[in-house]
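Just below sit the structures, each encoded as structure tokens.
Presented sequentially are two complexes of chain A, the first with chain B as partner and the second with chain C.
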Partner chain A sequence: MQNVLSILFCLSLFYLSVTSRVKAYVTILRFQGLLLTVLLVFPFIHHFSIFALILPATLFIVKVIVIPRYINKIILDLDIKRVIEPTIQPFTFLLLVIFSMVVVFVASNILSKSADIETIPFASGFTAIVVGIFVIIFRKKLIIHVAGFLVLENGIFLFGTAVASELPMMIELGTLLDIFVVVFLMGIAINKISSTLAGFDVTVLGRLKD
Partner chain B sequence: MFEFSILIFIPLLSAVVCYFITNIRLQFSVTLFVSALHLIFSLMIFIGWYQPELPFYFSTDSLSKLFLPVLSNVYFWVVLVSFSYLKKQTTANSEEGKKYYFLLLNFYLFANTAAILSNHFGMYWVAVEGTTLSVAPLIYYYRNEEALEAMWKYLFLVSIGIAFAFIGILFLTLSANGTLLEGKQLFFPEFVKHASELNPVWLKASFIFIFVGLSTKIGIAPMHSADVDATSNSPSPIAALMSGSLRVTALLGVMRIFQIVQPTSTYQFAKTILIIGGLLSLFVAFVFMFKVNNYKRMLAYSSIEHLGIITLGIGIGGLAFVGAMYHVIYNSLNKIVLFFTAGNIHRKYKTREVEGVSSVLNILPWSGWLIMISFLSISAIPPFGIFFSELMIFEGILFSNKPWILAVTMFLLLFIFINMGKTLFQMLYKKNEGEIILIKKERFEIIHFATIVLLMLLIAIAVISPNILHDNIVNISKDFGIKL
Partner chain C sequence: MELISLLKGIISLLVILILSPLFVGLVNKLKAIFTGRIGAPLLQPYYDLKRLFRKETINSTNSSFISVVSPVINLVTVVVAAAMLPIGFARPIISFEGDIILFAYMLGLARFFQILAAMDIGSSFEGMGAAREATFAVFAEPIFFFTIGSIAFINGLTSIYDIYHSIRLDNVSYLVFIIVCSISVFFLAITECSRMPVDDPNTHLELTMIHEVMILDNSGIDLFLYQYSSYLKLFIYAILETSFFYPFGVRSYTVGVVIFVVVITILSIALSISETITSRFKMKNIPQYLLFATAIGILNLLIYTFTK
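Up next, the complex of A and B:
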């Protein structure tokens, strides 16, 4: 099941690389959040406990409901144009994503021989980290940068489940809270940037230089 | 639990109180009280008058005992001068920034103390991210375009950096697979005890990710850019807070993983990475000092230079490591002084450009002389502490197996000194043509008082060299397996 979810996660990354609509990014974030929630709930299906549901429930609220809604609100409030402004062609971007995915999967397969890791979730998570960075590098809009950052964070989360991370629940909740506040602050900053600097993309940020 | 309440819970409570109080003076009084309490307690723990018993995820060791007073001290002075700083408006919109100033400062103390006292990588990560979140809105205090850009860049780049550090932490879990540590969570002391059993490949990966990730926060080149922008565009007390304590807290994370790496085969590799990071930071400071035209940016590069020296000292080991620990204290004291006096100049001249500042010694005699003395201090002129710590680091490098590093370091430092001096003396002495200066007396303010006390402290610690400090640093060295 973990493998199926991870592959679905990878498919969402492909969609992310070809779409040119801002809204689609929000949908992808929602979908990835949902996948991660299912991934967390799944091990507890047979021995259900309320306590074990706290983390998946928080994850669901933060990543599927609150953050996507907040990003949608910013898009509507600021009337951000509906298309992302890429700096490279979508096809080139897709090739780049496929290439990195292949490299990460092959490398993970080699690594899995020397360590006890689940190859598919491990590689999917790491690919998402790389794709998140690509999104930040090759897109102009700041709101898409935030989405890229969230894809990267989702990748780390998936990756964390693959390495059987033993982070206690309190810490996991803390990380979720931190991510939420980061996105919240970034949202406020984008609002201010659009009103002060009259723009929503990186080209307006060029004042600080040596 | 009592000490836990004082150090961690009360700052949080004070942040909540500041949210409900609208009067800035009252907010200031509450925050100052909390900071004084924090300072007294940190010193008591450092001296050993008090053995704290902290709950799960928190504990103290020699390293946190040293870093805690560094934080408390910087924080106390920053809060002390903040009120007089806030009273004088610098930009039209900064009024808005005052509202949450003390709230965020309290939250910063809460998060930073939690980071220093944590004994668990996960807790450390959450707390360090908390410090970023509290500092980012403070950077935007002036509410102008530059501050906004600096805040965005800092928030974004540091968050990504910290995400990388998180990947490093996950790699660390991987390195513990199949050892006694499996299933024991990520407590530092456990990892240090069983370090030799860890898988070297994953440990190496973990070190790289944690080092690179936290470099964005420490300001180690080439990940320094957001840090420079943030330090140079934030109000001076916040810049002092970042340079004096925040960078050091991030350095603590790197030192924790370095301590784990120490008995393993990855040690040499980690040392090399630290040395490269240190030298690269010195090189970046060296290059940018040639063309710097903004004096606060110059101080931000000076921070990079000194954190570079500290990283270099840690990487070299031996006596250089001891010097680096002293340097952490002296640099933090010196950075407060430099940023406070630079803040006075900024308030008067309303510009950060070197071109726009002239005849400081005539117009602001107190601030002018104090910035000159603090410049001499940061340039390692005796009897200030930095001289002694740098001497130790240099001696450590000279007697290590890489003495050529000393030649490179000295060369870079010489030019940094010359260029920094040139810029600063131009500000202090230059007179614009036809400029008539009416010699006025600068009012002696709390900032000058703080600066003088801190400069005296810089001399006193170095000259008296308290045994308790020396013993603590020797204990840290022992924890890091360094034979002196």
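Up next, the complex of A and C:
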């Protein structure tokens, strides 16, 4: 079951690398949040406890409802155009993603021989981290940078579930709070930038001087 | 026993040969219904073929013998490829170790001759269409080898019939694998048969055509052969897709046939829905669409190589 969810996660990463719509990024973030929630709920089906549901529930609220809504609100408020403005062709981007995915899978297979990890979720999580970084590097829009950061964060989360089956709950809750604050700050930052400069491109920021 | 198996194989081939225009007719009819039109009758492709069959063949004065032999080779190779596909649980007529490679290259040969013939005529439009077809074929070939090849790789089998028979639907992760595989085969079918997001079969503007532009200057029997082989090709890919969904644990011929009919119908609905809701891609976006399907194939291969 973990493998199935990881496959779906990887498919969403492929879609992320070819789509050219800002809306699609938000939908993918929702979808990935939902996948992670299911992934967390799944081990507790056999020994159910209300306490075990706190983390999945928080995850669901933060990643599926609050953050996507907040991003949508920013998009609406700032009237951001719906195209993502990449700096390289989607074709090249997808090639990069495939290449790094192959490398990550082979590497994690080698790793799994010496350490006790689940290869597929581990590798999928790692790929998501790489893809998140690629998104931040190769896209111009700031709001997409936020999305890239969130994909990276999702990757770390999946990565975490692969390494240890029982998560230290407080740590995970801590990271959730962390991303929430970061996204919030980024939102405010984008708002401020837009009131000073006309665009939301990082290229505009390059021209700033003291 | 041997004779019965051979007979079933022949029946399968006949079914493919006879029903392929019907499948196209069904897709077109459903597409018309979804877009709120009445549409052409279900048997329209048969009427078209009949009309073309009776017409006179005229070849361009610039063309060489390639234009004459190409339509025949095109049809023959596609029919040979069709003879390798299982319908129901019957063993196809041509079935041996490694026929998966032959299958791919039979279709490749058909395409090769079509491209040659298009360039042979000497019209620049056709040359453009040929160039496009060749470009997209480069990206479409890996899809087949990564998806079908990944199943072959897992089981160590190289015959299409054996590959499909090794599919077990009871394992959950295997089921997802098969569904993911069938998605990329669906992409492949759309590309190879020049359906909607890649190429519009109904378009009449030369600049935007891929497949249709290559057969602009053909007429009569030649056009009949091209049209018929393109109908066959679509049906071949449909069967390739359907074969993923047989519960191969149950080995009953009737069950196989019923499933075949049901899945083919579902597939035609899916195809017509996807053609209704999508618009054509820009030419420059097609390679990335094909690479996306290849990526799914590679992911499949990776996951099932590294699953413990």
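As a working rule, the second predicted complex is superposed on the first by the 203 of 210 C-alpha atoms of A that agree within 3 Å, B and C clash if a C-alpha of one lies under 4 Å from a C-alpha of the other, contacts with A are read in each partner's own complex, and residues count from 1 in each chain.
As a convention for this text, a residue touches a chain if its C-beta (ideal position, glycine included) is under 8 Å from a C-beta of that chain, and two chains touch if they have at least 3 such contacts.
These figures come from a predicted structure and were not determined experimentally.
Asker: Overlay done on chain A, so just call it for chain B and chain C: clash or fit.
Answerer: Chain B and chain C fit side by side in the superposed model.
Asker: Identify the partner contact of A:Ile193: answer first if only chain B is touched, second if only chain C is, both if each is, neither if none is.
Answerer: Touch partner of A:Ile193: chain B, not chain C.
Asker: Check the residue A:Cys10 against both partner chains and state whether it touches chain B (first), chain C (second), both, or neither.
Answerer: Second partner only, chain C.
Asker: After the superposition on chain A, what is the angle at the C-alpha centre of chain A formed with the C-alpha centres of chain B and chain C, rounded to the nearest 10 degrees?
Answerer: 150
Asker: With both complexes superposed on chain A, which partner does A:Ile129 reach: first (chain B), second (chain C), both or neither?
Answerer: First partner only.
Asker: Touching A:Asp116 in the superposition: chain B (first), chain C (second), both, neither?
Answerer: It touches chain B, and chain C stays clear.
Asker: In the superposed model, which partner reaches more residues of chain A, chain B or chain C?
Answerer: Counting contacted residues of chain A, the larger count belongs to B.
Asker: Could you tell me how near the closest CA atoms of chain B and chain C get once both structures are overlaid on the shared chain, in Å?
Answerer: Minimum over all C-alpha pairs of chain B and chain C: 18 Å.
Asker: Report, in rising order, the residues of chain A that make contact with chain B in one complex and with chain C in the other.
Answerer: none
Asker: Along chain A, where are the residues that touch chain C in the complex?
Answerer: So the residues of chain A in touch with chain C come to 1, 3-4, 6-7, 10-11, 14-15, 18, 89-91, 94-95, 97-98, 101-102, 105, 108-109, 112, 119-120, 123.
Asker: In their complex, what parts of chain C are in touch with chain A?
Answerer: Chain C reaches chain A through residues 172-173, 176-177, 180, 285, 287-289, 291-292, 294-296, 298-299, 302-303, 305-308.
Asker: Which residues of chain A touch chain B in their complex?
Answerer: Its residues touching chain B are 114-117, 129, 133, 136, 142, 145, 149, 152-153, 156, 159-160, 163-168, 171-172, 174-175, 177-178, 181-182, 185-186, 189, 192-193, 196-197, 205, 207-208, 210.
Asker: Can you name the residues of chain B that touch chain A in the complex?
Answerer: Listed in rising order, the residues of chain B that touch chain A are 120, 122-123, 125-126, 129-130, 132-133, 136-137, 140, 145-146, 148-153, 155-156, 159-160, 163, 166-167, 170-171, 173-174, 177-178, 183-186, 199, 201-202, 229, 233, 288, 291-292, 297.
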